[in-house]
């Protein structure tokens, strides 16, 4: 007996290129009629933090595939430039921004949760978060919600 | 009722050290009689791109475990050197190269898919990909294929 | 028919900030009565290596969220400083160190395994590992143990 299919995504990093895959996978799940929620923890918390969500960088230095030597990727401003280029590319593809994705996910019925421990680590309160975040939950709550789900840790 | 066991691997990064774990896990799954496929998306697309597959770098700067200060890891040529050393180590262990792994996976019955969105982002066509790639699919297709699978996002 | 719930965590990286999520998720699983084990592979092997476990760095350069330009993150000593600051933050939250987490996990009944292939790559023997590691196993063994589990690749 198959109960409703469910996807539990853990978003633990905050590079623009690290956040999109989880958001896109959550949205694709909803489009396929699969229940989906995202648990934002550690650095991933930035993606749902009001002051950070529009300023996520591309993880250039940490990305061997970028084709640039790391020293160039490491120059001040280069990551911002890469983020700008990636955002332009996203716009060309008519891909929504991260903030827009959060709105889309909310409307599509994907639920967004913030990790309580990460909130304490980064000294944030629910007021610091974007309005689409439903609740601050513990890792134990995460497991309750993720019962029977396919877990995707990004 | 347990149907056939299945593993769905998402390969989203392209460092040599980031690609191998997914390939090895896919191959180990097949050796254990488990159905396995890999979905290459975002930077991971490089691992199945003809012009890139033989030139993946080791993710030195992004790797705290390398024991080198990042500034050294960031010097031009150091990543290529690290990749060279890692390849030598792989050869000593008689581990196949990434390109050889793709052939082995194909023969072992693991299926390789490219992500349609990533193909558009990086402006690639199926002709740019290695011959073992079966098909370019959407994230929605991925979920269809991953029904009942253990998902491993690497 | 639901058999006992199980979580199989793969720890493949060794940044302090990359290791904690897996350890915390394993512990939270045990607290929720869920069977849990961790498979340490590739760089993740450092987290269970006696000489490395107390000296894991924060993955600054590879972390777009740190708010520092990468070139600063790349300066020698900056990662050690970041690791020191993160450890202080952890201590404030009364979070155990990585070594203490291993002890806690062991007592909580989470099992720790080392990957045989990674052991060969890094030329380590079981004597190099912390005492809480139960066994060195292959990827095939991993799949046997992970049968029916939710897999979390960190």
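Letters are used for the chains, namely A, B and C, taken in the order the chains are written, and counting of residues starts over at 1 for each.
Keep in mind that, in the parts below, contacts are C-beta pairs under 8 Å (C-beta built on N, C-alpha and C of every residue); 3 or more make two chains touch, one makes a residue touch a chain.
Because the structure is predicted, anything quoted here is derived from the model rather than measured.
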Chain B onto chain C, same sequence, C-alpha superposition: rotation to the nearest 5 degrees is 120
Homomeric contact chain A-chain B: same or different residue positions, threshold half: different
Here the gap between chain A and chain B, centre to centre from mean Cα coordinates and rounded to Å, is 22
Multi-chain contacts in chain C: which residues touch at least two other chains? 59, 61-62, 70, 73-74, 150-151, 153
Chain A to chain B touching residues, read off their complex: 5, 7, 17, 20-21, 24-25, 27-29, 31-32, 34, 59, 61-66, 69-74, 89-90, 93, 150-154
What residues of chain B sit close enough to touch chain A in their complex? 10, 12-16, 18, 41-43, 46, 52, 56-62, 70, 73-79, 117, 120-121, 138-140, 142-144, 146-147, 149-151, 153
